[in-house]
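A, B and C are the chain letters, set down in written order, and residue numbers restart from 1 in every chain.
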């Protein structure tokens, strides 16, 4: 749902382009820098609590999603195995649904789907955003006008509304297809941000040099421009990743989720559909919500940590 | 100024054309004969409805005619306000079904969006000033933005509705009364409105607070703030300037977040069974009422475009640079 | 005697420890004097400039005193410094292009700034001062975005000197400009002094050629310490410190002015200021270095107004 992170674009803007004022602050640092830039980043990274906590939570959940299903002997999460509507117990850690399905088994499989849709949706959106953003920002002129116009058009249309129509008509059977459609609709804000970054980088000396030496456009973009904003691109991907998860959970909840499979959003949907709320079966709707919130929240917090690591201005205080 | 608006309007008109085109095109991607496919997928009980659907689809899409003619025809009936007949509540026209649900969605969204924006910005500005607040507002903000809208809705319904029994958790008004312009209906509707409003408000709030806090800190780090500090200007003045500058991107942010907020409102309505567009969409999906779905989609797009335009107007009033930049100079 | 800096020590806090950015610097600037401060990036010149008006959050005043017109300047006390700022010590920053708030008309910003310092605006005087740098009164009705880079620079110069400060710190004001604008700005600064709008000035730059044209005295810094200080003419014609000689030798080479900070003509790099080695800090790069340089050379006045910190001078 929160397809676009409410983090404010300019807040992370100085990441790729070191502002002139920054130089003065670093002046005292520089002669004393026996560490290379990579090692210096690592130095701050392993000391940043936000990054560590965020990544820690994401890692734990990811491992749960990856290996959890194997520990459950690959049991079918839809199997009507236990007692019906049982609260959490030693046997069913998260209790069971009205039909006797194990909530924990569904949760573990759902986490997997959540990460999968995030990777696919966020990845596709990031690729489109980079292609559009780099090309528009680097070429400028008419190319830029057209691409920016197109970006703005897609940006204004609520992506969930488009996905509703697409999913309703075409039907979405699997998580990867859902991720694909999400990726195709959620790239515009990122394209705009990357375009702005590229725009500010393209007049730099090293880019001029590459241009003068006859490098082709895409070569310059991938050899000179992209590496200089790699941290920014990575953070954009993280935000797209989190956004894709939230959109997917909304679609699942409305009833347009993948028809075969388990996901945290679908769990919420069936809990809603079968009145878990009225029946007081909190163990049915609390875990999936906690799962989504934890993954997305941890990603956002890790992102803030990354911003502090990459951006010296934010480090102190 | 005129150029600025002409440009904005162009984007909006193109967006509308794009949205209508998407709406027209997607049914065409359905495998097989689209008309039969759609009719067979629709869960229609009345035989008249099947006939009406077939007739409408044939009339609307006219698959026997050339593609450009089909497309123009689609536009023609659209501009006459003809969205077709709803299958779900056959034979009501889609437009009147939507207009009946619209007030509820607006009553939910407009206050939630505006209030969350104002309160969020205020909280964010406060957080940027005090370390203690910052350490509470920031984590709370991230927690709230990471929550799926429907989940916080479910939690509130469970805690404040089902458990505490303070608020009803379903519907826009009690089942035993009819919507009328009476005080009784109003208080009843208000009672039903609180929880959906609150859940929408809370999730949006977190985002605005974080955005504002980050923007203010960015502004306080900016050169113009350092310059004022170097000249000994009091913190009060520096913060006032920073706040003013930081509000501007938040206004743009409002326009950018509209789609997300609409999506949030839709799923929140579904949780509370609130009789707005969200519940309409759910019904349309469950009943395979494609006309209704497509009509709702276009209404949402139009609504977002209008809201965008209003925000553009506000921005021009608030940011002096847009005005002078256009009057000349630049 | 306007400004006296005595054994000033300022450290930068970093996660790796304290960087001794300014490690015991003493000098004076007389009434009406323009002191040019030169050196490579990281030599402490910017730290010195900041210390004189406003330290950033990571800087810490470790020791030493600053005196202005007989009054002690509390450089380490951000609040107490406010009394000096703008009224007695002012700044033309490196970032003049972005120093003005983009959403306020310049006139209004000046009015609000002055009001916050308890001064009312003398519109006639403001117009006169703008005219001095070739700007019309209509500038006050503009937003910064409507001004060219040069106009913004001159506007900032006017605003900064509005209260006739005793000391003006001009920090790398020319580094963002092209050569012709550099000269114009430098001369405008001299003009401010000549008209008595500022009593004296510290002009910080990495451009030794430019500073020798406008400064009365040039001070060369190296690795947080004073290397040599002499009247501009003396320093450029008869430098005593090997580092100054190398700086001068590097001058005619192309690209020196453009390279941001680092004077590429000199081999090697300055020592780490996290834990600087004992003795002369230029030792590792100095062709004349011998065993004696393991001991720190004192700053000696080798000729009237000519100070050098080198055993070989």
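Just so it is clear, a contact is a pair of C-beta atoms (placed from the backbone, for glycine too) under 8 Å apart; a residue touches a chain by one contact, two chains touch by 3 or more.
Everything numeric in this text was worked out from a predicted model, so none of it was measured.
The chain with its CA mean position farthest from that of chain C is B. Central chain assignment: A. Criterion: smallest distance from chain C-alpha mean to the mean of all protein C-alpha atoms. Of all chain pairs, the one linked by the largest number of contacting C-beta pairs is A-B. Work out the mean CA point of chain B and of chain C, and you get 54 Å between them.
Each chain gets one centre point, the mean of its Cα atoms, and the points for chain A and chain B are 22 Å apart. Averaging Cα coordinates per chain places chain A and chain C 46 Å apart. In chain A, 21 are the positions where the chain touches two or more neighbouring chains simultaneously.
Residues of chain B in contact with two or more other chains: 223, 226. Residues of chain C in contact with two or more other chains: 95, 98.
Chain B contributes residues 222-224, 226-234, 236-237, 241, 244-245, 248, 319-321, 324-325, 329-330 to its touches with chain C in the complex.
In the complex of the two chains, the chain A residues touching chain C come out as 20-21, 23-25, 27-34, 43-44, 47, 315-317. By the touch criterion given at the top, residues 12-16, 19, 21, 41-42, 44, 46-47, 50, 56-58, 94-95, 98, 171-172, 176, 223, 260-261, 269-274 of chain C touch chain A in their complex. Looking at the complex, you find that chain B touches chain A at residues 11-12, 14-15, 18-19, 22-23, 26-27, 29-30, 142-143, 145-152, 154-155, 157-158, 161-162, 169, 203, 206-208, 210-212, 214-215, 217-218, 221, 223, 226, 249-250, 253, 256-260, 262-264, 266-267, 270-271, 281-282, 284-286, 290, 293-294, 296-297, 300-301, 304-305, 308. Only residues 53-54, 81-87, 90-91, 93, 95, 98-105, 112-113, 116-117, 142-143, 145-146, 156, 159-160 of chain C touch chain B when the two sit together in their complex.
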